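Per-chain numbering from 1; labels A, B and C assigned in written order.
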Amino acid sequence: MERNVLVIGGGIAGITCSLELAANGVKVTLIEQGPSIGGRMIQLDKTFPTLDCSSCILTPKMAEVSTNRSIELLTLSTVMEIERKGDGFSATILSNPRYVDMEKCSTCGACASACVMKVPDEFNFNLGKRSAIYIPFPQAVPQKYLVDRNACLFLSRGKCKKSCLDACEHKAINFEEKDRLIKRDFSAIVIATGFDLFDAASLGEYGMRKRRGVITSAELERILSPTGPTNGEILIEGKKPERFFFVQCVGSRDSQRGVKYCSRICCMYTAKHAYMIKEKLKDASIYVSYIDVRAYGKGYEEFFRSVQELGVLYIKGIPGEIVERGRSLLVRVEDMLSGELREIEVDVVVLATGILPSRDIFRIGKMLGLDLDEYGFVKVDPTYPSLAGKEGVFVCGTASGPKDIPDTVAQSTEAAASVFEYICRGK
Amino acid sequence: MKIGLFLCHCGHNVKGTVDVAYLSQYFKDYPHVKVSCDYPFLCSKPGQEMIKEAVIKHGVDRIVIAACAPSLHFELFRQVIKEAGLNPYMLKRVSIREHCSWIGSDPIKNTKKALKLIKAGLHSVWHAIPFEEKKVEIERSCLVLGGGVAGLSASSFLSQMGIKVYLVEKGGELGGNLKALKNIWPGEKSASHILQILISRLNKEYVDIFTGAEIESVDGHFGNYRVQLNVRGKRKELKVGGIIVAIGCTPFDPSLKRDIPYGRDRRIVTTLDLERVSELSLPSHPRIAILHCVGSRDETIGRAYCSKICCMNGLKAAYDLKRSYPDSYVESFYMDVRAHPRGGEEFYEKVQEKGVIFTRSNVPEIIPKKEGILLRGEDTLTGETFEREFDLVVLSLGIGPPEDGKKISQILKIPLDKDGFFLEAHPKMRPFDTPIKGIFIAGGCSGPKDVEESITQGRAAAFKLFSLINMGYALIEPQVATVFTERCSGCRLCERVCPASAIVYDHRSRVIRIEEAQCAGCGLCASICPSSSITLTGYTDAQIIDEQRALL
Amino acid sequence: MEENVKIIGFACSYCAYKASEMAGSLRLKYPEGVTIIQVPCSSRVDPALIIKALLEGADGVFVAGCHPGECHFIKGNYFTRRRIYALKEMLDIFSMKGKLRLFWISASEARKFVEKIKEMHKHLRESKR
């Protein structure tokens, strides 16, 4: 009997787990909600603490997924239903249309230039624009264009000149494509649904989306990226800022308005951002406010020290308020080290938002009857870190709690080991 | 000869300071170059297609890719040209990013340098020969060094999968650091229970356990290692396909920090000591201090790193003491509370609710007095100095590198990092690999880790090794030495220097022969041969000379 | 015009070449006149190759291998050490001893590698004036 494994989520966790299983001849169906695999990691420019570029280490893996014959990749797809069947599962997957024939599309981009509809680009956290027919980012896998059916004037309103059809020399665009329901049997399921970011706008005092110059770390990540909306130049709302204030623990370690747990990555990505800004703007003044600096991983403490040595100022305390003063922002913060209430004038405030379990986990958890913790992460036993508590169901990456990239890679490989052990046992 | 030259922009990474378009134009007329072009991301799908197309459409028979360092995307590009129908050895990678655009900032100088590097690459590819990979038999067995959490986890996976495991433990029994502990945080299971679970997962049929054993030497290669063991004074030889190093980490020895009078005063104990003693002799209303970061984040003792797990140990000690002595006063002295693991923050809050006081300070000065231990330091929140007396001082110990790290590193030829832990082949993408194929690292020996992480790493490393040896055979790179027997004088110098014992002297014909499966491909013989009769494929004299000529 | 100093470096693929890659990823800067050839082991470097490079216009040559005792091929770098020492003696006769250097660089020593290169470059540039 052939053994198929369903991996839900195409981020670094799902990719690693799929590749490790495929390397041992297991057939894998990898499904991803979005138009490309790569997850959160591909949105990063660099990774802490070694600062190696994220796409340099991830794109080879993504390409491998697309070339590996043991992996079936379904993008724009979600699980609708999962039922137990024999000692395995029967899953119904909804696959949304691309409206672009993947066989025909040559990724030339002519359609995108012809498209008249421009919408905010979610890959760049809406900082840039893209057309309604688009490729999410240059290294996307699959390397094919697609039509955003909510943005496309023809698909959403039925009214458009459809100049993309003329522009496409390969006649790859097909507005007749329909949703597909795919029914498939699997021996095991791996949950790698990853995380969502805390919505900083819910904390009123920081003025996210209200005050100019207040951005999230995720947005800054794209601004710093050479493939981002500003080609890596530090331009925020058209201005070249020189004074930065980072607020850590936005939504994390805040049981009243956010979540109680520590998100484990924000201290380090903030240090990384400070470092990258200093690299580009030598004279930038940078403040970081924190509760504890949790630089716990290999090389993290040393990296944090090197950031301090660059002249980045760390302030213990979390700002009470951020207000506008003229063209600047005024941060009011009690410096717990000196005890004084400080007012710091800056150009940009960056909110280091914490991570939340992916919204999808609640839906999938319900389908499989999983035991989730009070926040929505999958509960696991420390002696079997990838067992989701139900037979044949496994979990990896941040779906079982906040993790950095090294931990995610390690845990996803371990999940692959557990899946392999499980499906071999049945033989 | 038709060469296809491909230059990668790597987004801005190369293009930013190297005039890629000029270079691809420049090389269009270079000898033997048939195709010369540049592309934003050669590693992307269309980039790969472009390379394949050059082979299929233009009949290109060798490829030069000028992009990132050769170690990146190595398999990817090889696969691409394989899929295009070319022998993978017809590929030459030129690093114009790590060795050019990233190490200089002047666009003119960088472009000039890239031009030289690409020329060298073209000259080198002139000499390329289509080699075929060879299939070799490998042992479906492995050596696991260390019987702690990671080593047991690795052994259990491999033995369950039917791989013969030789589990070698230096100490008298299995268990590693877990043996010394009673309860570990988060405390749902006791340390001995966890150990029991891990041992019960071993498939006894496939595991040979050697306690009181150490390795003395290892030779051979991936798939066929010969290991000499010393088992309680007796020698034993093993043949294994791969090795997992899981020799763990060592708790910091506080007597190394001179200013701490540990061992000289019984009122100063470590978090580990607390695990050993069943009862403490404390007065009523005891005053207890917990000192965090003893042996961590401390450059004065050469340990700048954070030990990752001791904040939780310190919190657990505070919690346990407060619970056992409800009328006690417990104060924790910390630099940052790194309660990062799952459930850590919640526990930290619980400890605070229990009434433990937290004072931000570096490790305070410890002055034993008759009536108590005086701690003197600076509260780094208020800036005020404090002097307080305690009846018990608990040191939350940091984690040091493996005891035998140096020895194992030398025997297996795998590198250590600056702190004495094993160095990963890549800290993120290959956290269990070493630079040597078939040798993996797992658990605390590559950096401080808790139980869950060690289990994860042990099992993951085991799976990586399993993928390599499960088939019972492997394909070996054909980069080996070859002899022109006509030129060989039979001086046998090479035979004496070869580290792999791959050179055989033929007494009848009085020339040497090379045992290809044995050859490690170092080239020592090629450079020592007085008559230049040995060459190392892929690195021949002519090739290197042509290459260096292009660079000058 | 400033005379460009040209240095050819042979770097062992197990250690020094990895360090040179890391130097790049850390964006450590060193003069563009330094170019590196990857070899499987420092012991692959035949003295003839070094002499050839010097004759054909290199201002300097360095060989970078693993630290003594850390050779992937167990004893390759010991041969390198002896060989480079002997070659240096020979070059000394022509007052060219300074043109050849031997470095021990491990895979993680990117910074040290760059320091060594810069120091050698500086020395050669000064002696060229």
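Brief remarks on what is shown
Here, contacts are C-beta pairs under 8 Å (C-beta built on N, C-alpha and C of every residue); 3 or more make two chains touch, one makes a residue touch a chain.
All of these numbers come straight from a predicted model, not from anything done at the bench.
Of the two chain pairs examined here, A-B and A-C, the one linked by more C-beta pairs in contact is A-B. Seen from the Cα centre of chain C, the chain whose own Cα centre is farthest off is A.
With centres set at the average Cα position, the gap from chain B to chain C is 26 Å. Mean C-alpha positions place chain A and chain B at a centre distance of 27 Å.
Centre-to-centre spacing of chain A and chain C amounts to 43 Å, using the average Cα coordinate of each chain.
Residues of chain C found to touch two or more other chains are 25.
Taken residue by residue, chain A touches two or more other chains at 50, 52-53, whereas all remaining positions touch fewer. Each of residues 417 in chain B touches at least two other chains. Note for the complex: chain C touches chain A at residues 25-26. If you check the complex, the residues on chain A that touch chain C are 50-53. The part of chain B that touches chain C in the complex is made up of residues 69-71, 95, 97-100, 102-106, 109-110, 112-113, 116-117, 120, 409-410, 413, 415, 417-418, 423, 435-436, 479, 497, 499-500, 520-524, 526-528, 536, 539, 541, 544-545, 547-549, 551-552.
Those residues of chain C lying in contact with chain B across their complex are 6, 8, 14-15, 18, 20-21, 23-25, 27-32, 35-41, 43-49, 52-53, 56-58, 69-76, 79, 83, 106-108. On the chain A side of its complex with chain B, the touching residues are 20, 23-24, 47, 50, 52-53, 55-57, 59-61, 63-64, 66-67, 106-107, 138-139, 141-143, 226-227, 231-232, 253, 255, 260-262, 264, 292-302, 305, 316, 336-339, 377, 382-386, 400-402, 405-407, 409-411, 413-414, 416-418, 420-421, 424.
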